[in-house]
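In order of appearance the chains are A, B, C, D and E, and numbering begins at 1 in each one.
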């Protein structure tokens, strides 16, 4: 049977998907053990034991000063920023993408601007960003939005502009105005693509979140990572990064399921 | 006439596209003038004159230590890193995206791994990257690749997996093997999408380049920006960022033109 | 909320920025322990002590007017806000680095071995200054080494790469790297005592209009420092809390303190600020800064004026933008707060 | 003569390929024009031009004596050759879409009584095209013929003044095709529509149309086949405005057969 | 009896909708089976199952007495109802693709003499379907009928043992359709193909086929129309294996017309 036609069963799929990740973990353990054999004090690739020790403090002991469990407080703060940032980015990407995609004059006017904003690296302009928006939550959320939204906008705009011309023509013969085409033809068809764009943006969004938290913050997963980085405390950094990966993968899976549930017409095989 | 049907002419399009950017520049000049009226020494929003002064030194005067024109040396170094990084990212995205998209068993096995890598913020694991790749060009290029490639891979894989099933079936009835489907059906159709993904990746690629140059470097646009950030020399940072934007927009335009030239079938209106 | 250049007006809410460094940890501790509130209430004002994770960004934000005061080294105070035309007053000279900054080499224990090496450091910072001073003492020229700008957050990781053999850094990064096998410290700020100063600077105009701010800050500082110097359980608890705030273990933090010369006694601070040695130090620092092009567009090192206690000035007296102001420390010394 | 639609010297070219040349046509209100012609002659291109989807390279189109704006509108309905419906809407939603657009300019959605009335109308139309059992299927879940019928229902429910049909019954079996013929004749008569239909079924062209146009190239250069375009080579008025009822159409089919042979070999 | 293809108790269901039920069929090598039936009956579904594109819910398919693997292969060619060709290949490249796959397993591209031979073969095939002037057009630049002919050429050039055609001539005018009939009959005879063709043109079904199958529901529950599937309700062997030459086919059309009326009204 050709490989293109081999579809693994559900149970097998989970096993297959976990396999390379497990192998990587094993490779890590091997390398870490090797480094520790050479230098028992090695900090760069800590062994699971020291990670567990370091994390248990953050997980289960209340911080005396703030009265919070550090790990959970970090997680909450970061998720909140990420959620707001990604939410704003998604909504603005949808709105701008639709308008740019459907209306050629608007595309001609604002397309180049969106491109320019998309390619300007926001971290190069951090001083201006922080000066304009202060050092509070706004600036951190804004960095995520500025970092992630333009790419999403361009993607949605390109997708909408690429909808079959027949559909737009058809809608017009059925009496649809530009606005009605936007909300009834382009919007619903852009939704699955928007969820896909969100999935692809999860990685960059975390990067920008962490960059923002690295610069001005006093709580958050990125803050903690950059705080302990001064001491090369990889026994905290690696579990934190793994935790970020788990959170992101869960969000990714949730978005996939949501797309299948909400827009079955976009996923069923057509013939 | 409905807005969906209004297409600006070529000349008008350039004018329309330049308009909002010009307005932004004017807004900047206004704000800068205002700040300078309040504090003639203001560094945050420099006036064009001081930017020109600062840049002319970097543009036209040889650096005593290195004997190079700083600005051009920076540009060359950054473009080289970006080019290599984006090139590797694109090629690997194409290869991995094709294999994942066409072969369901491979997708089941490595899809989750690619997702995991895509969502792990690479800047959080820099120490491990340094040990593995050193501090030279390799590490910088690798950071771009790690930052950009997984998103592109996932995009291409999703696109290829979403090719109409009829095409895959048809190719098989014409005797194509999995490999032949990959190189003759999926690959050429993925190319325009790949160029699109490259365009969308330009922004993130610059971000990762600048991050990499901020970490350990002695030449490059990002190096200069982060170096002069130490004394808030916005009169250098702003022209540098504008230059980055111009370079990126040129690349974007080149990719658009290349896609139209090389893959006309993907751009012509079908009926 | 404030404009770019806060006009000399009376206000009662102020923001002070700080970043993590052994000599500045009293600030967040004072905030948490209620010392800030206590003194602010006394002077009828409100003080927000705001952490900025990235040191340079904290100074940039101060320069931009987002903070009324910031913790900063003498060199950065000169090259960033002062050179940028922002008139700043150093009202607290908290400590000088007495081994908190150092040059490390892998596989060599002589500073001379640095010749021809790539040196990883935060360029244009006190590390760069320390390197210049070190090369000077070893009879080397600045061109004998090649510097690679490395962000302070990543320098420990970077030093883990086999490629990196020479590094200049400050604590806590310094102590982490020093502990690695085969690494030795070949030069440290202990060899140039009093040259790397850690200050609290405040916008001069704001200070003029609100002298109470200066009083409150000085009072907070010396109460906190006195507390942390105590060798009893209370002092230990305070230091442990500071360690935690810095993300360090108590032992590591004690270690860092041991290479920090804290002016716990305001009298000592006043003496150091008024001493002619400070003028000499600042001359060296500004000459170094000018040679590195940090005084943008200035034709001489005199372009930025520095004022010292007793009316002495260095550089252009018409354009004084950095003032060492001992008056508030003096009030503390005299117990008048 | 005041025609509803007048094409004056229409040329359609793609690059240096001439598809239509010098097409002059007057179409009267209430007529049912069948267009036949070989594959690739330019029948669909002609429809696209009349629809306003494409601008002819040369020539003018007048609608009610006024120049046609190069855009589509609800006065001209269409069923495309590759019948396309909205993939994200069920059959019912696809059909109701035109009604919603007309009645709810802002939301393009109806609620309450208006919605129920529109639903009833759409259901009736879907039942008329034989999709009464498939109201809630998405296009991807339908067979080719079902999608084609959905496209027809979608266009018919708007009762446009001019209806452009591009091989609308190509994917339908004879039984359902006869039903569709009856349906379209009824609507044509009841709402005095003007219909332009492209078909390959010559019998159908003659049974339904009041006028049959054959589109083909007049000249052919074997060395540069693309240098000559097609135009109307036959234009047969059939004068069937007051015809028998649709149920009698089927019987009429056989009698029309001679015409078919004629044109088929012409 | 040793049939080439045997369907045993095939059921096709989508969710709780039964499309095909209890289909039992034996198809002999060299036969030309026409399938007719109302729109939505499941004709395309049946082809998909035979093609190996879909796995039936129940039942087995035997090819040469062996269980059919659920995958397509070069022994079974297909022309889909919504004729699809590769959008990124020109007409010539689309046609040559099958030859390249067979002869260059690694690169799937031919060079030198092999390429020239394949090009000549493809050109001949394209000329046979009337696309001799459109060798270098991309599908998006072709009319519907041209794309359909391209799909036919693409499938025919491989001369598969079993050829599955789903309304292959639906978008073609009568003249070209007759040419295509002749072409397909010639290839069928010369290469002794086995052809299964779905069509709505009953005359075509009887003219070309050696056997006509009518697919329809046996039972119909008006309250749950989806609970009964279609199956072969008529199965008419025509015994036309040794028939007149293709040029005589056209003449034979008229004589077959009676059969058509019979089934059409049946």
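Everything below uses one rule, namely that a contact is a pair of C-beta atoms (placed from the backbone, for glycine too) under 8 Å apart; a residue touches a chain by one contact, two chains touch by 3 or more.
Which protein is which chain? UniProt says A, B = Lipid kinase; D, E = Lauroyl acyltransferase.
Because the structure is a prediction, the values reported are computed rather than measured.
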| query | Which other chains touch chain A (Lipid kinase) while also touching chain D (Lauroyl acyltransferase)? | reply | B, E
| note | Note to self: most contacts are between A-B
| request: Could you please state the distance in Å, as a whole number, between where the Cα atoms of chain A (Lipid kinase) are centred and where those of chain B (Lipid kinase) are centred? | output: 18
| query | What is the distance, in whole Å, between the centres of chain C and chain D (Lauroyl acyltransferase), each centre taken as the mean of its C-alpha atoms? | reply | 81
| task | Round to the nearest whole Å and give the separation of the Cα centres of chain C and chain E (Lauroyl acyltransferase). | result | 83
| remark: Between the Cα centroids of chain A (Lipid kinase) and chain C the separation in whole angstrom comes to 37
| remark: chain A (Lipid kinase) touches at least 2 other chains through residues 2, 5, 44, 126-127, 131, 164-166, 172, 177, 229, 232, 269-271
| For chain D (Lauroyl acyltransferase), residues that touch 2 or more chains besides their own | 44, 71, 80, 82, 141
| message | I need the residues of chain C touching at least two other chains; which ones are they? | response | 60, 64, 154, 156-157, 160
| query | Of all possible chain pairs, which ones touch? | reply | A-B, A-C, A-D, A-E, B-C, B-D, B-E, D-E
| note | Seen from chain E (Lauroyl acyltransferase), its contact residues with chain B (Lipid kinase) in the complex are 51, 53, 71-74, 76-78, 80, 82, 84-89, 97-98, 100-102, 105-109, 138-141, 154-155, 158, 160
| Sites on chain D (Lauroyl acyltransferase) touched by chain B (Lipid kinase) in the complex | 44, 48, 69-71, 80, 82
| request: Note which residues of chain C are touching chain B (Lipid kinase) in the complex, please. | output: 3-5, 56, 59-60, 63-64, 76, 79-80, 83-86, 120, 122-125, 143, 146-151, 154, 156-158, 160-164, 294, 296-297
| request: Please name which positions on chain A (Lipid kinase) make contact with chain D (Lauroyl acyltransferase) in the complex. | output: 164-167, 169-177, 179-180, 183-185, 188-189, 263-266, 268-271
| remark: Contacts from chain A (Lipid kinase) onto chain E (Lauroyl acyltransferase) in the complex sit at residues 1-2, 5, 271
